[in-house]
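I have placed the structure first, in the form of structure tokens, so that the comments after it can refer back to it.
Just so it is clear, A, B, C, D, E and F label the chains in written order, and each chain counts residues from 1 on its own.
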Amino acid sequence: MPKRIAAYGEVMMRLQVPGYASLAQESHLNYSFSGTGVNIASAIARFGHTGYLVSTLPDNPLGEAAISYLRKLGIGTSLISRGGKYVGMYFLENGFGVRPGRVTYTDRLGSSFNTAADEMYDFGAIAESVDMIHFCGITLSMNDTVRGQMKTLAREVKARGGTVVFDCNYRPSLWGADRYDFAKPHYEEMLSLADIVFMNEKDALYILGMETTREDRNEQLQELIPQVAAKYNITVASGTHRKINGDNTHSLRGYLYTDGVFYFSQTLTFSVHDRIGAGDAYASGVLHGISEGYEPGRTVDFAAAAAMLAHTVTGDTPTANEREVLQAMSQHMSDVER
Amino acid sequence: MPKRIAAYGEVMMRLQVPGYASLAQESHLNYSFSGTGVNIASAIARFGHTGYLVSTLPDNPLGEAAISYLRKLGIGTSLISRGGKYVGMYFLENGFGVRPGRVTYTDRLGSSFNTAADEMYDFGAIAESVDMIHFCGITLSMNDTVRGQMKTLAREVKARGGTVVFDCNYRPSLWGADRYDFAKPHYEEMLSLADIVFMNEKDALYILGMETTREDRNEQLQELIPQVAAKYNITVASGTHRKINGDNTHSLRGYLYTDGVFYFSQTLTFSVHDRIGAGDAYASGVLHGISEGYEPGRTVDFAAAAAMLAHTVTGDTPTANEREVLQAMSQHMSDVER
Amino acid sequence: MPKRIAAYGEVMMRLQVPGYASLAQESHLNYSFSGTGVNIASAIARFGHTGYLVSTLPDNPLGEAAISYLRKLGIGTSLISRGGKYVGMYFLENGFGVRPGRVTYTDRLGSSFNTAADEMYDFGAIAESVDMIHFCGITLSMNDTVRGQMKTLAREVKARGGTVVFDCNYRPSLWGADRYDFAKPHYEEMLSLADIVFMNEKDALYILGMETTREDRNEQLQELIPQVAAKYNITVASGTHRKINGDNTHSLRGYLYTDGVFYFSQTLTFSVHDRIGAGDAYASGVLHGISEGYEPGRTVDFAAAAAMLAHTVTGDTPTANEREVLQAMSQHMSDVER
Amino acid sequence: MPKRIAAYGEVMMRLQVPGYASLAQESHLNYSFSGTGVNIASAIARFGHTGYLVSTLPDNPLGEAAISYLRKLGIGTSLISRGGKYVGMYFLENGFGVRPGRVTYTDRLGSSFNTAADEMYDFGAIAESVDMIHFCGITLSMNDTVRGQMKTLAREVKARGGTVVFDCNYRPSLWGADRYDFAKPHYEEMLSLADIVFMNEKDALYILGMETTREDRNEQLQELIPQVAAKYNITVASGTHRKINGDNTHSLRGYLYTDGVFYFSQTLTFSVHDRIGAGDAYASGVLHGISEGYEPGRTVDFAAAAAMLAHTVTGDTPTANEREVLQAMSQHMSDVER
Amino acid sequence: MPKRIAAYGEVMMRLQVPGYASLAQESHLNYSFSGTGVNIASAIARFGHTGYLVSTLPDNPLGEAAISYLRKLGIGTSLISRGGKYVGMYFLENGFGVRPGRVTYTDRLGSSFNTAADEMYDFGAIAESVDMIHFCGITLSMNDTVRGQMKTLAREVKARGGTVVFDCNYRPSLWGADRYDFAKPHYEEMLSLADIVFMNEKDALYILGMETTREDRNEQLQELIPQVAAKYNITVASGTHRKINGDNTHSLRGYLYTDGVFYFSQTLTFSVHDRIGAGDAYASGVLHGISEGYEPGRTVDFAAAAAMLAHTVTGDTPTANEREVLQAMSQHMSDVER
Amino acid sequence: MPKRIAAYGEVMMRLQVPGYASLAQESHLNYSFSGTGVNIASAIARFGHTGYLVSTLPDNPLGEAAISYLRKLGIGTSLISRGGKYVGMYFLENGFGVRPGRVTYTDRLGSSFNTAADEMYDFGAIAESVDMIHFCGITLSMNDTVRGQMKTLAREVKARGGTVVFDCNYRPSLWGADRYDFAKPHYEEMLSLADIVFMNEKDALYILGMETTREDRNEQLQELIPQVAAKYNITVASGTHRKINGDNTHSLRGYLYTDGVFYFSQTLTFSVHDRIGAGDAYASGVLHGISEGYEPGRTVDFAAAAAMLAHTVTGDTPTANEREVLQAMSQHMSDVER
């Protein structure tokens, strides 16, 4: 059944150098607007739900462009407040083969989202208007105000019987290289509030400081995730293992743990056009499967196929609808459709 | 010896989304003009023959752009009449990896070509001015007027000792999913008129309703094509088997049946840049080999190499000349030519 | 006070040759989606109202691209039904100086909008959800089904106390050169249903067949419009006189007739970047002024300034908000804002 | 009556910096192929005649691109021989307002055209296949071989009763600043061979070394041209006076002298988009008028309007057909045609 | 005689929407790097001097792109230090006619330049290596650290006999609307340190709080500037009066006051392509004239012509060399140079 | 320790057709400036040395664009003289899969570089200002003047204790197909002057006419290179073996011979984006390793990694710095860096 699903997070302007040139070589950029919350809200809307973004954007031409873009993606913008002065940005230079791509951020701590006071949001009204809300570890790294807003909003939704989703998504470049200790209590609080969590064994080891004697990542996963789920009272834990192959393909396998059982998707191997945002496509697939009452095994297969497709699409934001993901699950190479 | 070869068919405007974006994501299109007849006439002109298109285009900026484009391709435009109001169009969104490309047609039934009355063409004069004429099953699906014109023109050419070529090219999306019964008599009439036919075992099975107990497509081919050739008095039957591989390459093998003998090309495997129009390159290669008096085995190898090259060229329309196809037949990977 | 305002009309795909080249010279196009209804709904949304489009679009990549584009423009798309197969299109080649621009239409009569059966719309529900609805003479020229839908919808809105708006917008190329007789009864029916009408003296003379002995167009206007308003019981009649000057500027003066009084805007003279859609900007300005309870003189000045600004904006669809129109009403040349 | 008209001249590749940037600022170029002969042959073909180019192009990708482009323009390419190694080129940076545009040539003396031996052309056959042939003073400046070919070809055409056209077009940058003495005998020989000549009073003064006591250019024109016509036995002399105005417009007036009478066009003033090639449009207009048997006054008006339109078209090569020039002769500012 | 001239200031990334679209309408940007210091250093290098920039840029892909761009402009980059994290940016949307352009800044206070500690610069070594140094009121508005660096550097240059230049360039949007009181002491300190000052009567009135009873701006100028020069011991004061005309042209007149005498340039009127950076071109022209020992009247004419040309060039940064400015001083409209 | 390293050679303008179209299909080009000397000087500057180009460029917009581009690449331009009229150019059409790319040169023998008289260079001063100088066999093929300049400059550098580098780089298309005899004495003279030589066994066999009974290229290399090094007194000989694989990858192994010992890099296999200039990246890597005193084995590994990276970069000219090459030497596939 279609749900009303919101994501709380920052809108980032993505400024991409076309082709395989560097910023120093080119003089043109393509721009779009994305961010984890944007990707989730858009993907979920393509799957037939109502997808809202909870965020703040400036009342200037950049904010106007962002709002237009979000509407184009099919995102409900009525929960976005307007204020502050800046939009977070990042520049993207594509890699090729052995040469890695590069991402350069501008100063996002001064953005409208990261400087928005609590008064910019009516947390109760937001919680009333949604069935499920999504938060992300990237946002959690920003500052205390934002962290406070995440927790308040999670509590308000939980209090009204809504579902709270949290994607661990730890980025060392944002928290600082050795700030696991600083991050840990914030992660623990979000895990305690969450019903559905996206993570894998690395999050358990590094953020939560858990220990294991095993060396194989699959064994680590199957040892640690049940402990995490038990401790924080998590209904569904899910995530992926990714392998980057030498021939310009990636391999991906999803897992989903619920009611004490692990479900694994097929390992999918595929060519990669635009890698950014694929994790959000996976999460959206899981949320869709759960919302629609899919079997867990079908849910994880659906999510993995959604993630695979997201690698073949231009831009961060997944664009596939349910029919296209189901078609990709059958995964035959096909000729042009005409 | 260079021949005068015409193709009867519609000029389609191809509107392609650049790169790998969707129509909803982009705001720019590249356009060109193509169609089976265009591809054949242009390819054959590159091989040193005179290639004419027999068609109708409107007397407006779109028709003017189409005519200019055909001239650029080296096609003789003196047999194109001007009238009607519209040009058929299709939009092309490129696929990437597991995500298939998409083709969306506009309403081509109202096009100048599809609404041109018989009076727009001087069938006798056209037949006088050519040695060979090519027809296609796509055109056969359009409407009764067009079907009538195909048959009239085929008869006029045949009556003057010219060669009639027919490419079965059955497109379910154009005839309707279960309209083999409706199509069959029209195909049979064209087969009876044709000297050279492009088809494979699927056409025999589905359009002509023939039957076989074999399951292997090569065995089916070798069982059915001789029967077809005998029944409709066809001098040369030819076609390809294509396999789409997982690593962004296709494999292709051509066959040519004449005088009771099958000739097969090597199986060629190659990276694909633009798949549309490759079948027309194959057909042009066969027509060139026959016109030049190549051995049948050389003809089918030449045609397969021409088809392979057509997959590496931007746009629907083959651009390789004879020297380039011969070079590709030797098929060594080569460095930049400088 | 913000109103809920719908426009009933077709979404057209605009395919524009960049710069000043012709279709035959170029190989790239810019595309967007517009149409009178689109322009009205978007412009009115920029002014702070809720703007809906009532239309039908196909469920294919073109329809999807159109819907995304409309959302980007800020248009409410919940009253758009999906079905049929095609989107109406037009190609635009820019003129330069003495060389006029050219517009070439594709076959729009087969479009989803023009082939949509009455069952595609829930007229009652649409009427319930709006305060005002806009119709256009371009739509009236299409076919009997569409004409029937216009009248039904107008009656349903009127019956619920809503306001009916009709823009005469007679296009000889659509009706046929001498089809005023055929058009007249349809226009008369729409005029009878309408509260607010956009027209000028030419519509009275040619469509309605009225007569005058005066030669000056301003005198004709002031003689005929009151007669029209009286006969069809029209609350507000409004329109513009345009003059195309030799130096790449246009001059525009708006009039508004209500309660027996004529109000005229200043004559505005300005450089022209993109002329298409300016009439819709004018109409939107009038509807906004009326909705907000502006004085009639201020309404016509606001509308003329909105029309002027629309000539300076890329694309058919007006983008100015209320603040920007008010700024333009003061009309000082200003330096870059930084 | 449609004529067969050839132009002898070099095909130049035009490499234009887009917009108003300099070569040092940009990294993209637009390219096309032009040259006086190209412009004449294409313009004359638009007017309904058969336009041939007599030239030589290399058998390499640049030559192939040039041939394709000429065919697109509607030029008959059967009189073009293939050989040599290079294509002449020029780079064009657009000016803006007070900042002049810049043209930078590459080494055109080594081009296929300028190095083609006489054996590359079958002068007799060329002369047989045309009614009229056009030569240009730019070509005359190249080298002795080319000058020889011009004269041979002119004599061959004359000998068969064809019409010889010569456009003086003296370019100081090509001949050298003070090489009038060197140029004079070559010009005199061409004038003696020519029936129709394009020139004005400056050519008489500087190239032919004639003298006058008058200071007004119109008076000079009317004094000197009759002397030139008499001396060299010229049937029609024609040309233009151009004035560059401060407001981004040019003014142009054409003259035509025949049978002892001067005919002048209106002085046309118009905005300029692309100035290069406008002189060739004028010449083509005169040749068309003469071929069609227009009155001399109508010919010069037609030619001036053709020149005016050529300023509004992207690229060197005129694109207007007869209908469009006639429309421009009435010269009303008009709205978008839709 | 060529001088070594440095400018101290921030490098800004300019992100420009192509054509006349808004950020919300487009998806592509052109980028370059500019800023007052950049413009001065580049312009002065084109005039044959050595132009250095004194600034700080981050050691990341944006800093790398900026450095490459500055080198391309001919700027000496050896006085630029590397550190910090961000580059200041602004987005530029072009206006058209009555619709003004819009500039939107990102958060430049966190840029490498604005956060560079004094230790990043070796003020003594910088002062040793230059004959003249330029500062700007925009930089003065940033923060106390930057203001301190300006004053230190000015003193160091002055102490070594170098020339100090200060351009008042008061931007209300940067200081705050009513912060003249806060700004005044900083301006006074810079004026005391400066030998050459760019300003006009408005700076005297608003920043310095001077008073006048006159209403005409020329009279105000001639009353106030001598007082300022006397009070702060300024050798040369110079500036412009600009008028924005209705027809897309601007008018500009420069003044230069030295040794008690006012010199005025002609009033130049010209079409405008890119207005930003023209003031810096003017300043560079004055510095060049002074460095070369031009007569004051010639200096102000040269500077005004340089400013005029800068309006016709794409991008903020002036590109004209001395020959081109001298050519523009004669100011004839000229045809394409070929 | 950073060195001052110059390269003597021509600046070529590279005009590349975007994407995979041919010159005949497209109308846009991307341009940049390169050449062996440009590539060496730029690459060496990225590695922290001072890289100079010794060349001649015209004083026109093309020369200006070239100089700007070289500065952008970080090349010292103070040893470039200005004069002559032309810039050498080549057009590049990308191949795809089995279709090879095509390079078409313009007439480079008339270029400023190839026509510069000895007086354009101050050989002594150049030799004074560098520690090492690089020459290339391509330049050696041009004409006697250029060959003379190479030898003079090599002798001047050698006389001052500098290091002379020579890259054999024999191009049959430039010397003529069977001109090994003509080339040989020039190559021998350069080899006698050189300290560091880039070559492999083919150069020994074909240019120097050496003989071997072995068939394996590695065995040939190890037999012949020591003989060459001994005969011409070469300190370091180095080069690569390249293999072009069927799957759009190349394999590359470098060798370095010094003090009687051969060092080989790993065989690297990688996807190819832009193959041109990779040999220059290899040479630059060797020069860097020698300048920095790397172990020979590390030098050849560094050079091979630099060559590999150059295949992944847009344009001829290598852009990687030392850190990036070292990172590539570890050669793990990595995800986007963010």
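Keep in mind that, in the parts below, contacts are C-beta pairs under 8 Å (C-beta built on N, C-alpha and C of every residue); 3 or more make two chains touch, one makes a residue touch a chain.
Remember, it's a predicted structure, so these values are computed and weren't measured experimentally.
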When the contacting C-beta pairs are counted for B-C and for A-C, which pair yields the higher total?
-> B-C
Any idea what the CA-fit rotation angle from subunit E to subunit F is, to the nearest 5 degrees?
-> 180
Selected pair, out of E-F, D-E or B-C, that shares over half of its residue contact pairs with A-F = D-E
Whole-angstrom distance, CA centroid of subunit A to CA centroid of subunit E, is 45
Dist(centroid_CA(subunit C), centroid_CA(subunit D)) in Å evaluates to 46
Among the residues of subunit D, pick out those that touch two or more other chains and give their numbers.
-> 22, 24, 27, 68-69, 72, 102, 247
Of all residues in subunit B, which touch subunit A in the complex?
-> 19-22, 24-25, 90, 92, 95-103, 105, 171, 173, 242, 244-248, 275-276
Residues on subunit D engaged by subunit F in the complex (per definition of touch) | 15, 22-24, 27-32, 60-62, 64-65, 67-69, 85-87, 89, 91, 93, 102, 104, 106-107, 110
Seen from subunit E, its contact residues with subunit D in the complex are 72, 247, 270-273, 308-309, 311-315, 319, 324, 328, 331, 333-338
Report the residues of subunit D in contact with subunit B in the complex, numbered from low to high.
-> 68-69, 71-74
